[in-house]
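Going by the order they are written in, the chains are A, B and C; count residues from 1 in each one.
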Amino acid sequence: MSTAEIVGTWLAAFFTLAILSFLYKDNPLYKFAEHVFVGVSAGYQLVRQTFDVAWPNLLQPLWGGLHRDVDTLKAHPQWAFYSIPLAFGLLMFARLWKPIAHLSRWPMSYIVGAFAGTSIIGAASADLVIQVQSSMVNLRGTGPWTLIDNPFSLALSTFGLVCALIYFFFSKEHKGALGVVARIGVYFMMVSFGGSFGFTVMGRLSLAVGRAQSLLVRTPLNPHAPWPALVGVVVVTALIVIWERKISPPSAGEG
Amino acid sequence: MKKQVPLLITFLVGSFMVVEYFITAPGIGALREGLYNSAVAIMALTMFLGTLNLVEINIPIIVRRRADWPYKIVLLGSLFATIGAGAWGAIAAHTTGGNVIASEDTGPLKYSYDYFYLPLAGTMFALLAFYIASAAFRAFRARSTEAALLLIAGTLVMLGRVPIGAQISEKLPLVSDWVMQVPNLAGKRAVLIGAALGAISTGLRVILGLERSYLGGD
Amino acid sequence: MGFWLRVSKIDRRILFLLMGFAIVLPLLHPLGLPFSVEKSVQDIYDQIEALPPGARVLLSADYDAASMPEIHPFTISALRHLFRKKAHVVIMTLWYAGPPMVQDALDIAKKEFPDLKEGVDYDYLGFKEGKQIVMLGMGQSIRSLFPTDARGIALDDIPLMHDLDKLEQFDLMVNPSSGSPGTREWVQYAQSRYHMKIVAANTAVQAADMIAYYGSRQILGLAGGMPGAAQYEKLTGVAGTATAGLDVLNIGHLLIIAFVIVGNIAYFVTRKRSA
């Protein structure tokens, strides 16, 4: 392991504990780590977008085409067409100069239109049609009671689905029979939200477990564990104590 | 003209994306490909604008010594250091005859990911485990039948999903499976169908120019 | 002040501290409780197990460091399983912070297979921005969106990619995913349009929603969160970080349930008294 990597493992432990210090209270160490995070993630995204997308999917074909590069001409015979998305993309920067700022709406409209159009087809074909189709009761299901391919389970689930959809039907007041059905629909949704809550707890805990593993368990990437974490706890605690004393010094009577 | 042209672009691109799904004519493939590639290329450039925006917002805060200005120096410093790490790797690859794209998976950019991004991103989300514990204690009250149902279902799922649940009762994992696969499915399907109808109507409103908020003011 | 009133007003930092202990202690002293494999995870295993040698599989690793503990162990196990089955694996990511995850999973999974050749047995295409547009584009031509792989080599020069250019040519897709773009979009744009067979591993938060797609067989297998990944590790016979983490979840879940119960008792007792 190189010196840079050893320094890196200590830095990683420090940053982890600096973020966790927020659990005590908002403090300068947390703010420092938070701002490093924003800067690094924005920078990382820009680099990735540049070298993984903008270069191979836009700039390289144009550059290679202009320089009559044989490989580029073979891969992108119509390389000149890339000047259209380039021009559109550059129009986005028009918003930096007020007289032509409105031109930045053009590329935005292109992207919004593309996503609006594709989302209509995606939602209609995958979510609406197939989900309704799958809710049709199949009496030939052979699965155990715990799974959906059991006739009773599917019938109960479909009943719950209809009730929940009726709850979302607001054109008529939820009174009488409609009110009862809508209420059953709410119960089904509450059980569903309960399931989501259970899964969410599990997910968030897993992330905390992952961080604890990386701090405390010795791996090739962290061969000195748990020492960086233990030293980090001492350093972070000391820094927070110093900061607290600075913002509210102990009075003369205190020890 | 300031709004008509963008609305026309949205209409043309959006309706093409809908209509092309139903068309199998031979020429349509090339047009599709061109439109998809253009969208990807334009989206790649948006990050440049985003980064410029980040700099534009933070520089005045530093110059005017506004609240938290030292942290903005940290933010911009780490932004430029990461961009520099990426550029360094690319330049080094270019000068040594290596590949620019491949260079980003090793070297200084990889270092900034492993020792800065990874612990920071991971811990940011791990914080939520602690807040969910606090919320479980303070906010999750069985004040009504609905809330009680939510808590019971959540508890059964939490127990059934971990090995200790099966130690308490062999039936717990099965009950947890049933909750997730039957009543949960009903609720999730209702939300999914509702969201699909919402997505379709919003998509149509955008394409037809009835929804224009993305164009901003003026 | 009564006992329950004091309990109901407990400093949240004490709760945080208890949670911290519940996470750290089982990590130092593992319980090692046995666990079974649920059907939705077994389904993923069966789908991969049924692949003939040389089957083409697309693995899109749509997650980043933030959800690494939940998803990453699955990616490693799935790659290991695919390599054992001698499948031809094409790997990609739609998340800008996904590439280091892919590299790490590949480095670990490859160790068992010294003869594995990049570009012949597997190839990593890299990251591409564009969400569903990338999926739709790959349905037309993979080359038009990925002119080169992550090494910068043109797809035409990669033996694995010689006659592979469309999504519908894949026999299976494996999608470790932690949000958008991810499993939902792959179902909406690749499964519904190009009839891809998809199996997915999701974060726990996402898996609760994706059960609807598993119920409708739009995805053929689903591993939810760290338990799902641990079950897949068990199926492939190599215990990793998810299996170790599952131990901690036992105590963590019990503590959260205890918080809910104690919080409710405190609420009802103090409410009754104040009434």
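Here is the rule we go by: contacts are C-beta pairs under 8 Å (C-beta built on N, C-alpha and C of every residue); 3 or more make two chains touch, one makes a residue touch a chain.
Owing to the predicted nature of the structure, the values given are computational and were not obtained by experimental measurement.
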Graph shape for the chains shown, where an edge means the two chains touch. Line, ring, star, complete, or other?
complete
Farthest-lying chain, centroid of Cα atoms versus that of subunit B
C
Take the average of all CA coordinates in subunit A, do the same for subunit B, and state the distance between these two points in whole angstrom.
4
If you average the CA atoms of subunit A and of subunit C, how far apart do the two points sit, in angstrom?
13
Euclidean distance of C-alpha centroids - subunit B vs subunit C, Å:
16
Shared interface positions of subunit A, touching two or more other chains
23, 41, 44-45, 48-49, 52-53, 56-57, 114, 118-119, 121-123, 125, 127, 131, 147-148, 157, 195-196, 199-202, 205, 207-208, 210-211
List, in ascending order, every residue of subunit B touching at least 2 other chains.
21, 37, 39-40, 43-44, 47, 100-101, 104, 113-114, 117-118, 121-122, 124-125, 129-130, 132, 136, 140, 151, 154-155, 158, 161-162, 177, 180-181, 184-185, 188-189, 192
Touching two or more other chains - residue numbers and ranges from subunit C:
16, 19, 23, 39, 66-69, 97, 99, 126, 128-130, 133, 136, 145, 148, 193, 208-209, 212, 215, 224-225, 227, 249, 252-253, 256
Write out the stretch or stretches of subunit C touching subunit B in their complex.
10, 12, 15-16, 18-20, 23, 31, 33-36, 38-39, 64-69, 97, 99-100, 103, 126, 128-130, 133-134, 136-137, 140-141, 144-145, 148, 150-153, 193, 208-209, 211-212, 215, 224-225, 227, 246-247, 249-250, 252-257, 259-260, 262-264, 267
Sort out for me which residues of subunit B touch subunit C in the complex.
21, 29, 32-33, 36-37, 39-40, 43-44, 47, 99-102, 104-105, 110, 113-114, 117-118, 121-122, 124-125, 129-130, 132-134, 136-138, 140-142, 151, 154-155, 158-159, 161-164, 166-167, 173, 177, 180-181, 184-185, 188-189, 192
Which residues of subunit B touch subunit A once you look at their complex with the stated criterion?
2-3, 5-7, 9-18, 21, 34-35, 37-52, 54, 68, 71-72, 74-83, 85-87, 90, 100-101, 103-104, 109, 111-130, 132, 136, 140, 145-147, 149-158, 161-162, 174-197, 199-200, 202-204, 206-207, 214-216, 218
Given the complex, residues on subunit A that touch subunit C span 23-24, 41, 44-45, 48-49, 52-53, 56-57, 60-61, 71, 75-76, 114-115, 118-119, 121-123, 125-127, 130-131, 133-134, 147-148, 157, 195-196, 199-203, 205-213, 216-217
Taking the complex as given, what residues does subunit A use to touch subunit B?
4, 8-9, 11-13, 15-16, 19-20, 22-23, 31-58, 81-82, 84-86, 88-90, 92-93, 95-96, 102, 105-114, 116-125, 127-128, 131-132, 135, 145-148, 153, 156-161, 163-165, 167-168, 185-202, 204-205, 207-208, 210-211, 214, 221
